[in-house]
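Dropping the structures in below, format is structure tokens.
The following pair of complexes shares a single chain, chain A, combined with chain B in the former and chain C in the latter.
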Partner chain A sequence: MRESEAAVLKKSDVSAFFGSLASDMRLIAPKEAFGGDVIFDAIESPKDIVWDYGHDIYPPKRFLLPHYEEMFRYDCRGRIHIQPAPKPSPQAIIGIRSCDISAIRFQERFFTQPIVDPYYKDRLDATVLFGLVCTKPPRRECFCICCDSGPWLESGFDVQLTDLGDRFLYEVGSDKGAKATEPRAYLLTPARSEDFAERRRLELQADSLFQTTSYIAKAITYISADEVPDEVWEELGSTCFRCGACTNLCPVCTCFTVDDVENTDGTFSRCRSWDSCQFSGFTREASGHNPRSAYGQRVQRRFYHKCSYQYIMRDGRHGCVGCGRCITACLTNLGLPDVVKRIRRAMHAYLEPETKRSEV
Partner chain B sequence: MSLAFTTCGFCSAGCGMYVQVEGGRVIGVCGSANHPVSSGRLCIKGWNATPAILGPDRLKKPLVRKGDRLEPVTWEEAISFAASSIRRILDDVGPQGIGVIGSARTTNEECYSLVKFARSVIGTANIDGANRFSDFSLVPGLLATTGVPASQVDINALPRAGSMLIVGANVTEQLPHIGSRIEQAALNGCRIISVDPRVSRLNPHTHMWLHPKPGTDLLWARAMLKVILDSSSYAETAAELGGFQELKSSLGDIEVSQLKYSCWLEPEDLIRATQILADNPPVVVMFGLGVLQQVNSTELVKALADIALLLGGSVMPLRGQNNAQGASDVGLACDYLPGYAHVSDPAARKMWELLWNCKLPAEPGLSAVEMVNACGSGELKGLVVFGENVALSAPNTQVSMDALRKAEFLAVSDMYLTETASLAHVVFPACSFLEKDGTFTSIERRVQRVRKVVEPVGESKPDLEIIADLAKALGSEISREPAKILGEIAANVAWYRGLSLDKVSEPWGVQWKIPEVEPTLVLVADGAYQEKAEYPFLLIASRQVYNQHTGTVSARCPVLLREYPDTYAELNEADAERLGLRPNREIRISSEHGSILRILMLNDGVPQGCIHVPHFFGGDSPNALASYECDPISGVPVYKTCSVKVEAVK
Partner chain C sequence: MVLTPSKPLRMWGVTDSPSADLYVPMIAVIEDIIDETPDTKTFRLRFEDDEYAQSFSWEPGQFVEVTVFGAGEAPIGFASDPAEKRFFELTVVARGKVTKAMHAMQKGDRLGIRGPLGNCWPLEAMKGMDIVIISGGCGLAPLRPAILHILRNRGDYGDFWLLYGARTPADRDYKYDLEKWAKRDDMHLLQTVDVADENWTETVGVVTVLLEKIKVNPENAVALTCGPPVMIKFSTIELLDMGFSEDRIVTSQERYMKCGVGKCGHCCVNHVYLCTEGPVFTYAQLRALPEFRL
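After this line comes the complex of A and B, so read on.
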């Protein structure tokens, strides 16, 4: 099968299709956890895939940039011996949403250009992304439509699936996707014009169902020009609970810290784990000086990284894919749309001298 | 291994949490999206401190002291050493020579088992929980008033409150999930009245601040009762409550106008705050350790409960440790039996005597604080401690450490070689909550499953098994199965009736129902902290978002540890100037009982005449400054107010 040719996968063939994929690679998919929770995890059988799962709070970015990972092990007793972590084995992430795929493409750029991070690169090379389009926004907090990262993707996926009722529209978007499809292509049938018409209908319908909107463009302008007054950041920072969930769960965020951890056998492991620009220790320098010692400055930092031209130029897009996780995971109201809204309102007050600050 | 579901073991909110362990390390953590408390969120400790539970220096083998050193031994040797030491003390001085201290961090089953072990196997009345160090004053205080020593409000009901009175609680930092609901309430229009000597992080959500002088809360609380009664601001139903007339006539001596001098409050502010509460039902009265660790804390709890009852509202005591509620529910206390019957209650004693086949004295045994003290005086020969770093959580750190050193026999069960464990004669390596089954009871009375998600580290065992092993070595049988023990609790503790491990294993556990008890208004005695002239500053002790308790786990987390390069204390700028103290320099804070060093920071949110000293890792805490002075009713040490002096370190 050639790239960008669309086909149809009947739902009755889904188990056979992904069952045969399981012999080539580990399957990761939305899986039922506890009490109705659905979380991406390794699955035993394609029957475990929860196709109508909505949205997962723990982003699948962790299968490429693990929450905690061992980079290598070393032994300094006697001659120093370094043992690299084993090469990642092939994996397919099935059912990943468009926002998360867009985020992975963002991270790919960060971790491979100009310097290649071998840990990320090796994992990404061994991963096939089977995207699953949201035919309606799975949650109230979703706003991918404002961020050019869903619900349908033009590119970036290896395979993109659209649920058309009794069948999936099956689009291949990369060589990797084509390669994973090839041995099982006999289970696919060519897509007909009705399938595209149905997809188009769903697409138009989905567009009107989004409940969260984020007028991010205006915030980009204010932030890039450094016009947002410090008091606004201070006010935002004063309510932060310092949990770091916004950056942990942001599928775009890439920051990590590195620790050496002693093992029971006397060797050490160099481990890396997700870190957050929202912590004071993240930017504190060895001298004790901290360029971002106040909470407001750290909230500002997060939004500069998401929204300023400086980073948009470097990263190729703004740093938000509209997954809405920073809204649901935040103990207060510092999700991106809320902050954008507060910046817009504050700027409105700021630009009109008659409006008192207290009314903001 | 996949993500496994369990209950978070840090604070008492009781979040549902997934943990993934691989190769003995935590490699993934996230909150449950559907759990009513976590609702997809965790706080900084849930996110970051969980991996530190399986730290590399976890105890892996039992240790026995041989000379100056603790040497690794087999379980058989450790247990038989402990049993023979206990037997020797029993033979020498009898059961009153032994004390047992349990932890509010362990499961309900372990707490209950330990109580049973102490009371029936050893036969001592000296059994107490570590929540004696923190929040136990709410038990006698609420039993006397609302009748139920627990929160009357569910966490998710908080955003629907009309107004809140939050006293002495750094709630956004210590119980972030409750802080989050308070913020939600404020956004919904709830009026928040915060009472704290200093400006805390509740500030952005607070409508009105009252900053009383530390140690004088009883004065303004009684004045608030008087204002409510004099202005007839109470709820209609309140006049029918028992004790209404008595309370009303007992407050005649209060001069509200004097508050300005006695507790630094403007009388008009107190009147306005009272009016806001009365005008905005439903009222929730919350109080934290700032109330519960004060001189006369039980009286203060009664006063605050009276305020809530008069306004037709409810109380929510803010407890710190994850199983503080469960530990006291199942009787981990020297003065109460499981289900809160006082030991002086003959019927309750008879029931438990029959069940446990032992004799229960009608007098309370020694409290946790008294036990530490009694080790020093020689009254107590042996002390058995499960899951609590007593050396640092007890007051008067230096004296307490010396006292523990004097114990003829000290046994400690813990995950790490804590400051207490390093003084012990025998140390049992205990499992964390990730390695065992059982239940925790959260602040909103939610009994939830703790699930084994990883095999025990090294040779460590759940406390339940260690207790059973010790009992066996002493010739008794105690079950090592959580299901059986919960069954025994459910059969005998009214509020847990009908619970079973299967039942609480269903999604989100089971909340025990608040029993229908007739609440009573009670008289509240007057009182205030007595300052000491040669120590001109009043201490304000607080806890910070990144630290938990004595830091046994949180200090092992690099991300949390990184947040505080310096341990600091805060003074008002005017005081610092008066004393010629410069910021970012080291100062010595001393009381009659000890001294600590801190880096000085200036903060005008701290009132003049006070110094704010947060708890930091590894026992660098204001506990070192506290005396053995305790609230006379509950026996909770007075950590929160203390006269100190401040000087520059040359």
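After this line comes the complex of A and C, so read on.
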């Protein structure tokens, strides 16, 4: 966006600003939960927002693709009556990180092309994303800098906030963002050149603070060409616990399963809930035949989806936003950067001439 | 000529249905139930809404998501004559939760139907060619609309070979059709079973042994296959050996599916969603997917 369109929101006005926004929509923001963890949830008052929260392990994707979502409800006692699920009400996700916004844009493309998923689209249309830039990487596992998804975004956000100490730089990135800003614009002041100078200084500083990096490009080459030997996948798969944490905590993953659940009043709800390609039941057919029965095949599946040229062509980007959650969640080092590293190492050994290897 | 499976004229969710209905089924009534084998039944269905029933059209190879209210949803291929506008039929083996519940249903009961979904057999592009259809067990069901279409427009196609394999003579679907087809002199029907009974006069063995008995010129022929994965695999190997080119071996691939519209991720093989880009593929297309390598 152009610098002239940016504004400044003083921290002393933050409560008034989001208090006013709360009259238009439900506010979702990082807040302290039981036990001291910070998670995204609906807040009562802007005072509940934890602005310096670092990084949440449970991504806010669940406000667009709920963990458990009713698609419609039906009554099949007597004449069948189908009742569509109610339309979602407006919400703002405040303080969402750039990696998670990038993931939502990825999901938006997936869920609207070529066939439009009405539930995801309705929720996204009713959601305003107030991004909060990480002026320093909140955790050592962060590597958005390698994934074109942060720390600052050029586009994709509705509003992007950068913490400049006593004030936020306030950038509007979409019509939806402009619409949500307009009634409260009197609380903003135009940004001055020193605000941008400070932002640039923070950008340069942040870039140097990343502790995790991942050279995904090479892995993409090997995976796309199907050159990674099955033994490498088998070895990776042999350590997997099939817990599904990587895919459930991934802000990009979208796979779901569908079930008809009986309600206490005798009606049924058709519900969709998160599923994981790491579970053996994911591809098991009614006959018992399972085309992806080996653990290695399922790990391969996950990384083919994240890191293959074929998916980049389809989705417009590779399927990792560098949030680092899979690194934190995996008990056996099957986080994306680790696997990328192991694939590169294995391929290096594999492609090395026979003579050279025997000398070692 | 390079053969690629056809895109349907109407595709659920893209062109002909309002997006709000993408996951919401339409109500259909069971008009008749035909027992095929001990574990297979054919359900004759008609939409409750007359206007919708009349506008509903589909093409051979496509499928629907069937809702058994109170049990869930399952993908089932069309199995009837596509020219028949009054009703359509689905042939169902009782295997999982939904299909078992479906088998317990009676004439007059109501089901939910979402579709038509997926692409279709390339029947237009196949005109003028000799046709070999290889099917195993309940794999005959998604091919039956194509067979009925070919027989209805017999003059458009060359020599027609239908090879069908089943576990036992009693496990064959559409015995009433097979009887009629065996009597026709404008097609060749070859059948085989794994285990014969005392009345069985035809071949015993796997379906690929029938391929040795046919006389076709692969230059101007196309093979359609559907059946268990192992049957498809060995038929493909055999057909390639016979000289069929990779784009003339056409298969309907089935996987565990939930949504049918390319969103749930279950049927995705490499980067291809079988439900929207398939289920019909040529071997030339499948070969590009490492998961389908022979």
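Simple rule for what comes next: the second predicted complex is superposed on the first by the 346 of 360 C-alpha atoms of A that agree within 3 Å, B and C clash if a C-alpha of one lies under 4 Å from a C-alpha of the other, contacts with A are read in each partner's own complex, and residues count from 1 in each chain.
Assume contacts are C-beta pairs under 8 Å (C-beta built on N, C-alpha and C of every residue); 3 or more make two chains touch, one makes a residue touch a chain.
Computed from a prediction, not measured in an experiment: that's the story for all the values here.
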| item | value |
| --- | --- |
| Superposed partners chain B and chain C on chain A - clash or fit | fit |
| Which superposed partner A:Tyr68 touches (first chain B, second chain C, both, neither) | first |
| Vertex chain A angle, Cα centres of chain C and chain B, expressed to the nearest 10 degrees | 80 |
| First, second, both or neither for A:Ile80, with chain B first and chain C second | second |
| Contacts of A:Glu194 with chain B and chain C, given as first, second, both or neither | neither |
| Contacts of A:Pro114 with chain B and chain C, given as first, second, both or neither | second |
| First, second, both or neither for A:Ala286, with chain B first and chain C second | second |
| Partner chain in contact with A:Asp37 - chain B first, chain C second, else both or neither | first |
| Partner chain(s) touched by A:Asp275 [first = chain B, second = chain C, both, neither] | both |
| First (chain B), second (chain C), both or neither touched by A:Cys243 | first |
| Contacts of A:Asp265 with chain B and chain C, given as first, second, both or neither | neither |
| Closest Cα approach, chain C to chain B, once both complexes are overlaid on chain A (Å) | 10 |
| Residues of chain A at both interfaces, chain B in one complex, chain C in the other | 257, 259, 262, 275, 284 |
| Residues of chain A that touch chain C when the two form their complex | 71-72, 74, 76, 80, 82, 84, 110-111, 114-119, 121, 226, 254-260, 262, 268, 270, 272, 275, 277, 282-287, 289, 291-292, 297, 304-305, 308, 310-311, 313-314 |
| Residues of chain B touching chain A in the complex | 2-3, 5, 16, 18, 23-35, 39-44, 46-48, 51, 56-57, 60, 172, 176-177, 179-180, 183, 187, 201, 203-205, 458, 507-508, 545-546, 558-559, 562-563, 565 |
| In the complex, chain C residues that touch chain A | 13-14, 19-20, 22-25, 27, 67, 69-74, 95-96, 99, 110, 112, 228-229, 254-256, 258-259, 261-266, 268-271, 276, 290-291 |
| Residues of chain A that touch chain B when the two form their complex | 31, 33-37, 39, 41-42, 57-58, 62, 66-70, 235, 238-239, 241-245, 248-249, 257, 259, 261-264, 271, 273, 275, 279-281, 284, 288, 328-333 |
